[in-house]
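Multiple structures are listed underneath, in structure tokens.
Two complexes follow with chain A in common, the first pairing it with chain B and the second with chain C.
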Partner chain A sequence: MSYRLSKQEVSGLFEKLSEKYDIYAPKRVKNAGRYSETDIIQYAKISDISEVVWDEKSTYPMKEVLSPIQQTIFYFTEDEYRESKGKTRPMLIFARPCDINAMKVQARIYAGNGGFVDMYYQRMHELARYILMPCSGGDDTCFCVSMGTNTTDDYAMAVKPLEDGMLFEVKDEEFAPCFEKAEKAEFAPEFVKENELTAVIPEIPDKEVLNALKKHPMWKQFNGRCISCGACTIACSTCTCFTTRDVIYGDNPEVGERRRVSASCQIDTFAKVAGGGDYRTTAGDRMRYKMLHKFHDYKARFGESHMCVGCGRCTARCPEFISITVTLRKMNEAVAQIRAELGR
Partner chain B sequence: MTNYVQPKPYEIISVKHETDIEYTFRVATDIKPEHGQFLQLSIPKIGECPISVSEQGDGWLEFTIRKVGKVTDAFFEKKAGDVLFLRGPYGKGWPMDEIRGKHLFVVAGGTGVSPVRSLLNYCVKNEGFVKSVSLICGFKNCESVLFKSDLEKWNEKFRAWFCLDNEEHEGFHKGFVTAYVDQLPLAAVKEAGEDYAVVVVGPPPMMKYTGIELLKNGFAEEKIWMSFERKMSCAIGKCGHCRIDEVYVCLDGPCFPYTVAKDLVD
Partner chain C sequence: MNRDINIKNMRINCFRQSKVDGIFMLQMRVPGGFVDAKYLEMIQYMAKTWGDGNFHFGTRQTFDIPGIKYDDIPAVNAYIEKYIKEVDAELCEVDMDKIAGEPHEWDPSSGYPTIGARNITACIGNYHCICANINTFELARKLEKIIFPSHYHIKINIAGCPNDCNKAHLCDFGIIGTYKFDYHPERCIGCGLCAKKCEHGATRVLSLDEGTAKILKDPCCCVGCGECARACPTSAWQRHPEPLYRVILGGRTGRQTPRLGKMFLNWASEDVIIAVLKNWQKFSAWVMDYKPEYLHGGHLIDRAGYKKFKEIMLDGVELNPECMVAEDIFWTETEHRSNCNVKPIELHHTAGPQHD
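Then we have the complex of A and B:
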């Protein structure tokens, strides 16, 4: 069912919902941008609906709500491990289709891979409900249509802000009671049908072509360009890698925590083992590893879809202006060349 | 909900100094891993790392650890009676069904001897599990030789070639393990119309060149297995560090058929 609420009713609704739910949305953080007097838009808990940023893509992805950049998984006291208690309040999260689809990727890895369900992910996932927010097609880095992630039906409610109120589609029965007295309306969410950018994903038919692509000189150009800062993976909607790190509290070395901290395959220590053995020693190797995960390896393992959801945040955040879609184009050319040479 | 990354405390029974930088820790536990599997070992406030099981017995496991980093340095401070934290076992071990009843060839180098030690000792204790064992075991020099008493035992029970990379020493050949692959009695096994399995573990270049040498000498690639070492944070397919292509070393390995291993380019 769909409804139309006035501005005042909307405020009242979210005030009421916030009694039970923590509400998260893309929120403007003033002057926190990379350049002076620029802002970032980041997911955070909101206390008023007016804090939601509707008309701009968030700088960082929604995944941060469920799998934060840093979280404590154990507390140590002397020789004991105590599991962190984590959140208990359910969450309502404003999100666009790309970010909601990215959660399927997170689930496939955190709650599926190898038959192990990661407790820290799962307990957050079970608390999350999504409010679909409209997307006007994103910016000049978006390519969700090419990745098939421009639509979703995985939401509890869909909304569309109006000058004088808001339209709601209520899918999850849990929220129906909030709309008993509301004015009914005709509303179904509209999805982006076209982006400014399109991306074509190269077809890699077998291991021989894959391994030839790994050796292709196209990756060498990144040795000079990519500075291995990891900005792309931190901004990525779908990256899931982490490292565990133990910390002790400065004034009492008997007490500390084990933390899970986001890791980046673009940083040179990602694959390095304690004995010094390393497996990807150049920026080009690491770029190749990331690109192939997003556009080949993930699909080879899990089937269905590619890992990348086309949110374009990696391109938007790269300080060296490396574009994922341009890199894809180069991959396509390299694969075509290799396939011609091998006669595939 | 099960927390798969929750470690539990176990008491250290003994610490044996194999070399100056490699100790074997025997830990009291009822965990029963397969040969070739690994566990996550940790010390709270220091960290956690994957270590393969180097031997197992009734109520204990052994881990042979090289002092190479922050976490392993902290292990070296531990003594009998102290506590280590374990979780696991993880991954796929050696393919016992592919080895049973056949001739076993093992090529191992350096700390790579650890992940095959329990398999080799299993063959010693269970006569008839395999028809024969031929073993090439290499170390850098005589200071880095591990498991000396096992080597003696293996020398008695198996056909064995022990070698040191760049040193002459009594009881050892000089040279890399790859130099002795052509001496493995494959021809006799084939002539008798019998089957075999090959297990290779060691540093990546050693495994790469051993693989090439094995194929050159007529070993069939589908009868070869290799064990990989990669960085890991979780051991349950979440942290991503050990992934190569669509393969996760922690889940699909560490022991891989060569037919898979040969195509895995990091």
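Then we have the complex of A and C:
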């Protein structure tokens, strides 16, 4: 069912919802940008609906709500330990289709991959319900349509803000009682059909082409351009890599906590292993690894779809203006060249 | 050429004498070195109509038009009335009918009333630059009305960040834009890039704690440049809501005693900068026994001594809690003529009210 609420009713609704739910949304943090007098938009708990940033892509992805950059996983004292309690209140999260589709990717990695369900992800996942935000096609870095992530039906409610109120489509029966007295309306969310940007994903038919692509000179250009800061993977909706770190409290090594902290395959120490070996020593190697993970390896392992949801945050956030879609185009050219040379 | 020209009055009017008798160069104020490009048409017209067709970027970011004949100066002054009104009176809200705060009616067709307070220079600042912390020309426009028109000389340079491309260290009152930063350890992934950037391009105050994989900071030596925030891939370093300013005092070039300026204020708020500069006329007047003459601002500080300068400049100023003030300043001068500052006592300059 769909409804139309006045501004006042919307405030009342979210006030009521916040009695049970923590409400998360993209929120502006003034002056927190990389450069002075620039803002960032990040997912955070909101206390008022007016805090939601509707018309601009968030700098950081929605995944931070479910898998924050840092979380404590357990505390230890001598030979005892206790898991962190984590969140207990259910969450309502404002999200766009790309963000919601990205959560499917997160779930595939965290919950079930290798026959193992990550409890820390799962307990957050179970608390999350989504409110679908309207998207008009994003900015000039978005390419969700190319990745097939422009639509979703995985949401509890869909909304559309109006000048004087808000339209709601209520899918999850749990929320129906909130709308008993509300004015009915015709409303179904519209999905983006076209982005300004189109990305073509290279077809890599076999291992021989894949291996030739790995050795292709195209990756070397990134040695001089990419600064290996990792901003792209932190901004990525689907990256899941983390490292763990034991932090000792004060001077007593018997007491402390184990943390999970986001890691980035773009940072130069990422592939360093015990004994000093390092599998990807150049920025070009690391870029190749990321691109193939997003646009080949993930799909090769899980079938269905590619890992990338086309949110474009990596491009938007890169301080060196490396565009993921231009890099894809270069991959396409390299694959075409390789296929011609190998005759396939 | 037989001319009777009051060169001093010409200079006060911002027309500079040239090597050729009767030929002058106009220097037009551009506060913060930033102005609507539409005025370039005006400059071109002036250079072609009254100048020699050439243009020079003044070393203090003025529009300089050389080759103006003495007889054309009234026409030039009448023509720049619009520019002075739009840029100084309107954009910078300068009260043109005052000199050093005292009522003094300005004849709008007579050109610039004073040259003493020199054009405030600025780098492009955060209007454009990825390093800058402040909007430099907006600050310049706020300060213009405090120092101009005045016969008291002061050179103010504004730099958007501690890299100081605009050489705040080489003027009387150099202002550098800074920030204090909040560190959000919960966003830090321990990549150490901020520490590397700080070591490479700033003051090496950050280090990566191997035990926690978080950043340690030596707040004492932080210059507030923001290289950490610029480098951070996760926005773990975030600027405070408002910028703060460093003031570098008493830098100068010159034949006798060139020297770099030294820190007078650190972490001062914009309100403090404005309040301090509002005391500049009072300080200058006191040093020169209330008789304004063309004397470089740095020399006034020399005559009074830093402690007297500090006393007058901070009079009535409410310092923001973060603000630090130099207790004393020991400049290191480069004396081009050996011992040129050692001279008979009767040649020493005086400071403060003189009793005959």
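Note that the second predicted complex is superposed on the first by the 340 of 344 C-alpha atoms of A that agree within 3 Å, B and C clash if a C-alpha of one lies under 4 Å from a C-alpha of the other, contacts with A are read in each partner's own complex, and residues count from 1 in each chain.
The rule is simple: a contact is a pair of C-beta atoms (placed from the backbone, for glycine too) under 8 Å apart; a residue touches a chain by one contact, two chains touch by 3 or more.
Just so we're clear, the structure is a prediction, and the values are computed from it rather than from any experiment.
Asker: Tell me the contact category for A:Ile267 with respect to chain B and chain C: first, second, both or neither.
Answerer: After superposing on A, A:Ile267 lies in contact with chain C but is clear of chain B.
Asker: Tell me the contact category for A:Leu342 with respect to chain B and chain C: first, second, both or neither.
Answerer: neither
Asker: Name the contact category of A:Met1: first (chain B only), second (chain C only), both, or neither.
Answerer: neither
Asker: Go through the superposed model and pick first if A:Ile248 touches only chain B, second if only chain C, both, or neither.
Answerer: In the superposition, A:Ile248 touches chain B and chain C alike.
Asker: Should A:Tyr279 be classified as contacting the first partner (chain B), the second (chain C), both, or neither?
Answerer: So A:Tyr279 only meets chain B here.
Asker: Of the two partners chain B and chain C, which one touches more residues belonging to chain A?
Answerer: For chain A, the partner with the higher number of touched residues is B.
Asker: Return first, second, both or neither, reflecting whether A:Ala188 touches chain B, chain C, both chains, or no partner chain.
Answerer: neither
Asker: Would you sort A:Lys30 into first (chain B), second (chain C), both or neither based on which partner it touches?
Answerer: second
Asker: Taking the superposition as given, does A:Ile69 touch the first partner, chain B, the second, chain C, both, or neither?
Answerer: second
Asker: Let me check the overlay on chain A: which residues of chain A are in contact with chain B and also with chain C?
Answerer: 245, 247-248, 263
Asker: Tell me, which parts of chain A touch chain B in their complex?
Answerer: 73-74, 76, 79-81, 83, 109-110, 113-114, 116-119, 121-123, 207, 210-211, 214, 240-248, 253, 256, 258, 263, 265, 270-277, 279-280, 285, 289, 292-293, 296-298, 300-301
Asker: Which residues of chain A touch chain C once you look at their complex with the stated criterion?
Answerer: Interface residues on the chain A side: 29-37, 40, 42, 59-60, 68-70, 229-231, 234, 245, 247-248, 261-264, 267, 319.
Asker: For chain B, which residues are in contact with chain A within the complex?
Answerer: So the residues of chain B touching chain A come out as 1-7, 9, 44-49, 66, 68-72, 83, 85, 203-204, 229-231, 233-234, 236-241, 243, 245-248, 250-251, 263, 265-266.
Asker: Taking the touch rule as given, give the residues of chain C at its contact with chain A in the complex, in rising order.
Answerer: 126, 130, 132-135, 177, 179, 185-191, 193, 211-213, 226, 229-235, 238-241, 243
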